[in-house]
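Two complexes are shown next, each including subunit A; its partner changes from subunit B in the first to subunit C in the second.
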Partner chain A sequence: MSRLPGAHPNSFNIYLLPGLIGLLIIIIIPLLANVYISFTSWRGVGMPRWTGLTNWARILHDQDFWASFGHSLLMILAVTIIPTILGLLTSSLLSDVIQKKFSGRMASLFRGIFYIPQILPIAVATIIMGWIFRPEKGAVNEVLKAIGLGSMQRNWLGSSTWAMPVLMIILIWIQFGYPIVIFMSGLERVDPELYEAASLDGANWWRKFCTITLPEIIPELLVVLLTSTIGALKTFGPVYLLTKGGPGRQTIVPSYYSYTQFFQVQQVGYGATISTALTLVIVVFAIVFSFIQNHVEKNQD
Partner chain B sequence: MATSLAMLAGVGACGSSNSSSQEDGNTLTVWWYADEGSAESKGWNQTIKVFEKKTGKKVKFERKSFEQIAKNGSQFLNSDKAPDVMESNRGNSSAGLLVTQNLLSDLGPYVKKYGWDKIVKGQNQILGKYTSKGVIGGNTWYGIPTYAEMQRVYYNDDLFAKYNIPIPNTFDEFVSALAKFKENGITPLSEAAMEYPLQQLWWQLVLSKADKKFVEDYQLYKGKVDWNSEPFTFATNTIEAWLKAGYISKDVSGLKSEDAFTGFTNGTHPIFVTGTWNHGRFMDEAKNFKWESKEWPGANVYEGGTGNILTIPRNAKHKDMAAQFINCALQPDIQNFIGNAGGIPLTYDPSAIKDPSLKVMIDDFKKVASKGVLGYYPDWAGANMYDSMSSSLQQFVNGEITGKQMLDAYKGYYDQGVKDLGILD
Partner chain C sequence: MKSRHIRTAGDWLALVIMILAALIILFPLIILFINAFKTQADYTQHGPLTLPKALTMSNITSFWKSSNFPVKLTNSIVISVCVAIIGVILSVLNSFALGIGRVKGNRVILVLILLANMAPQEALLYPLYVMFKAIGIYDTQLTVIIIFSIVQSAYGTYLLSSVYGTFPQAILEAGVMDGASKWQILWKIILPVSWPTISVLFVFFFVWTWNEYMIPMSLLISDSTQTVPLALAPLQGQYVVNATQLAGASLLSIIPTIIFYMFFQHQLTSGIVAGSVK
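Showing the complex of A and B:
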């Protein structure tokens, strides 16, 4: 904390006020209202009717709700785990091999290409992928036919077996560039001499990756894991645009489920219950994760 | 065609402008979300022109999206920013919901003043009148329909001629036409199960075995719905049989309504069962072959109903002017205009309709409506039934669940959807 000489420490508090007011209006009050509404029955207009724990009792036995939460785990796999692992390997390859064997510009080019899906608006990226996976005249099925694998053609987004895996592939494709960009900026920090010393000792790429790269970018890794897991839990766009939760309930996720309750059924009370439950899960996850983060970083020092 | 009629329509009568109230302001705010290309949207645009000319007042029109009105309509209407005239989706879960939220004006006095019930007659009144619980077919006018729509079968005449297949007039002829196309290696029906087309075909099959009482039980909750009754099993078994026979593509669960539309207009599939709201688009886009449309071959009840209604929100500031506007839209000049634009007017002068195929379509609707055998749509009876039913139908056409399981799931959606509407105590 730096302080201007002679200034009273409390005199700065007033500068926090605009931010606090914003936080109050945009985050805190709606959050509290949401929690309150989850204890009521409300159609969105008029006065909410207090119903106590009714919504919360309903959520415990609501198969659709639990199915949607189960699917959140798959979303975490598709948005966090797989892109992070792939991103780690790719960024290490890019900065360790491509950058050295070819050029820095080549590595930047690859990084840019991988990042493109992140720049596209999610609706555009999703709809294009929806066209590619169309059963009739979709690019994937046409390519399979052209290379003689016609028997592998599938009704990708229309079948209960394939809708979720395809959705996950689309999410992986969208997400992939994000960890790469973060990790590569982290790797800039690493002293090249470390790698040189390790090479002189006869370490191969994998050995260097495990003993130098990975430990050095732990802070970046933790940030990526936290932000993308929260993103995964909030997945909405691709489900809304591609499958509407179907076929059956195969691709329903909590955000989409609360949306249907809010706006389609206009059971605002129950929609608020679902979104409050989702918020709780995210907050608990973020707190636990922060503890782990502190612990890991302390150990590193 | 539409533009030449615009000039003819200038002489319409909207009733005089002896507005009796103390309302101030000369600007009427009107909202609708109908597609720009649709007949009703063209008709209402024309209404604005005629209204402004007749009354000397101004209309401020704002196009909203369907989602805006369906999902946030109640919030707008509850504020002082409510429009004077608003298009609303008809039915229990849309306009009915607004009625229960006390957001719409009772139009009874205006109906009496202008005699609207002499233009909107018989079954055409059902979707404009609601009970205090927001159920269609009540006693209080909350919305006025100004056009109608129904499901029809669109045939590619060139393909029928090429394979020497007669255009069917009965259900048996329809099925044998499907079989003959299949023998020639053509999948006859253009369909999609991700969105409404296949759901609507299923409902038309249900209605073909249904009667008025069935519709009243299902849509107006006058009796219990028996999900094991013949209409449901017949429709479900027929869809299953047609899938097995290859009359419907096996990929149908991955296709959207636009896919089904282009599947017909690009000549891939010779038959498309769809609503008259697509008629205008066929006129514009199906230009490489001759086509015609006929009513569903052999049904007791037909899928369709009057179109979306015009309402006057409770918080509207210019209610008398709003009623004058609605009255304009019901006059013969606008009604004929809607008919020529490819829509179904509620009243019309046959000599004013230029295209004979449109005249057939309008007369078919008139016949059905006067018999009172319109069956509406399957998702109207409960909240959120459209998405739920689509997703189970997808599983059914994939063979992942049986017809019985699908009907059981539908029963669950129906019961929950009716409960969520909060109309039955």
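Showing the complex of A and C:
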């Protein structure tokens, strides 16, 4: 632990001042203001009118609200669970097979390709994917026709059955590279002799994956689960740009729902209630998760 | 031990799987690239899967003009560079006080800062919108620069203060022995040693700010203040715009990002890793 000898901690306060003032004005005060607005009725002009728990009572019976949180679970499936599983398998194949039996350059080339969707602005990545799912001569429909599945062609994002699954596919495509990059660097820590010894004992790839790879990258795994889940709860761009929550309410998510309350129907108080509820969910999740993380780290030591 | 050259059938299967996965990931981008240079007639006649019969730049040039692309590109660059610089400066100052200075309550402060990083943007959005309107800087690039400098510096402080928390004690003591002031120690000793982490943060802040969508969309409503990711939105109505125009526009919008990625690939990958596991 480092510390500057002979200096009193209080003498450092001045360095903290610009950052904390910024934090206060740009984040803490707006967050608190948002909580306050959630107890009011306000159309964005004039003064907010205090209505107590009215908005919060309304939320309990609002089917759109519960639908939006239900969809958040699907977002977690698409942003966290599926990419993490695919990422575990892929990074293990890359570092255990491709890197060792073929070449390290090849492994990093694959890693680089998988990461490309992650660097694109999410709005642009989303629009590109929406474009290949277009109903009129969209690439996906044309491929289906070419391979003789022409009857499968449809207006993917306009279909109440398919809009959500397609949205999820788009998110998986965007997210796929993130766990891979983190897991592969975690795997660099692992002593190659462990794998050599396991191979000599006749362990196959799956066995090595379960007994060496997985236990070794638990710290990275936890970080990926935490950051992706928070990302999933905040999903906005793809829904705003592709489906506007529709058809019907099939793809509405909390972030988009509160946005529409703010800027489309001018129910600012209610929008603030939804976004406050989302903040609470994220904070509770993060706290519970850090407890799990600490617990796992202690058990590992 | 030349196990490298004994490739089993399973090894080749793994390679085939990886190539297939890479093709699936690249498919939308390859299709985008092919169609960006196609004429609309060609697309209508042959669909999106064939190579262009004749090359045209008109999809790209028409978006360049209609979207005011040079202005949006300049805005994106100015905003992202300013955020990266201010965000890094704030991260360094915060981390110096928290990691090296160990100011009172540094753990509580760190938790507050982390909260700032986790809060969903729409929980800040409306109060910020009202505040910027009230002080009369709504719809200027300054709003977005201020917001994201603070938001990114929260992450930077989290990362850098843990780096500074384990700064080599001997180097600090040597500095004090030489009679250096705090400011000199920060400027002449700590900064040079932590330069690799700082450059990673710089690249990160730049990219994240470049890619932001919701807050810029809500605060930058004039054509002349908007950023590159916002430029595409008017084109995305499914039936309104023809497919080749959208392909050209999307391609043009991702070119700056791809160029940036090629230059800074190393910092980006080492950055997410540093960021994830401290």
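Note that the second predicted complex is superposed on the first by the 298 of 301 C-alpha atoms of A that agree within 3 Å, B and C clash if a C-alpha of one lies under 4 Å from a C-alpha of the other, contacts with A are read in each partner's own complex, and residues count from 1 in each chain.
As a working rule, contacts are C-beta pairs under 8 Å (C-beta built on N, C-alpha and C of every residue); 3 or more make two chains touch, one makes a residue touch a chain.
Only a predicted model underlies this, so the values are computations on that prediction, with no experimental measurement involved.
**Q** I want to verify the contact counts: of subunit B and subunit C, which reaches more residues of subunit A?
**A** It is C that touches the greater number of subunit A residues.
**Q** Tell me which partner A:136 touches in the superposition: subunit B (first), subunit C (second), both or neither.
**A** After superposing on A, A:136 lies in contact with both subunit B and subunit C.
**Q** So, A:116: does it touch subunit B (first), subunit C (second), both, or neither?
**A** Once the two structures are laid over each other on A, A:116 reaches subunit C alone.
**Q** Would you check which partner chain A:223 touches, where first means subunit B only, second means subunit C only, and both and neither mean what they say?
**A** It touches subunit C, and subunit B stays clear.
**Q** Now for A:263: first (subunit B), second (subunit C), both, or neither, which partner does it touch?
**A** Both: A:263 reaches subunit B and subunit C.
**Q** Check subunit A for residues that touch subunit B in one structure and subunit C in the other, and list them.
**A** On subunit A, the overlap between the subunit B and subunit C contacts is residues 44, 134-136, 157-158, 263.
**Q** Write out the stretch or stretches of subunit A touching subunit C in their complex.
**A** Touching subunit C from subunit A are residues 1-7, 9-13, 15-16, 18-20, 22-23, 26-31, 33-34, 37, 44, 90, 93-94, 97-98, 100-102, 110-117, 119-124, 127-132, 134-139, 142-143, 146, 157-158, 173, 176-178, 181-182, 185-186, 199, 204-205, 219-220, 223-224, 227, 230, 233-234, 236-237, 240-242, 255, 258-259, 262-263, 268, 271-272, 275-276, 278-279, 282-283, 286.
**Q** Per the contact definition, I'd like the list of subunit C residues that touch subunit A in the complex.
**A** Listed in rising order, the residues are 3-4, 7, 10-11, 14-15, 17-18, 21-22, 25-29, 31-32, 43-44, 47-49, 90-91, 93-94, 96-104, 109, 112-113, 115-116, 118-128, 131, 146-147, 149-151, 153-154, 157, 164-169, 172-173, 176, 182, 185-186, 207, 210-211, 213-214, 218, 228-230, 232-233, 235-236, 238-239, 243, 246-247, 250, 253-254, 257-258, 260-261, 265, 268-270, 272-273, 276-277.
**Q** Within their complex, state which residues of subunit A touch subunit B.
**A** For subunit A paired with subunit B, touching residues are 43-46, 133-136, 155-160, 244-249, 260, 263-267.
**Q** Hey, which residues of subunit B end up touching subunit A in the complex?
**A** So the residues of subunit B touching subunit A come out as 70-71, 74-75, 77-78, 97, 100-103, 193-194, 249-255, 259, 383-384, 387, 390-392, 394-395, 398, 400-401, 417, 420, 422.
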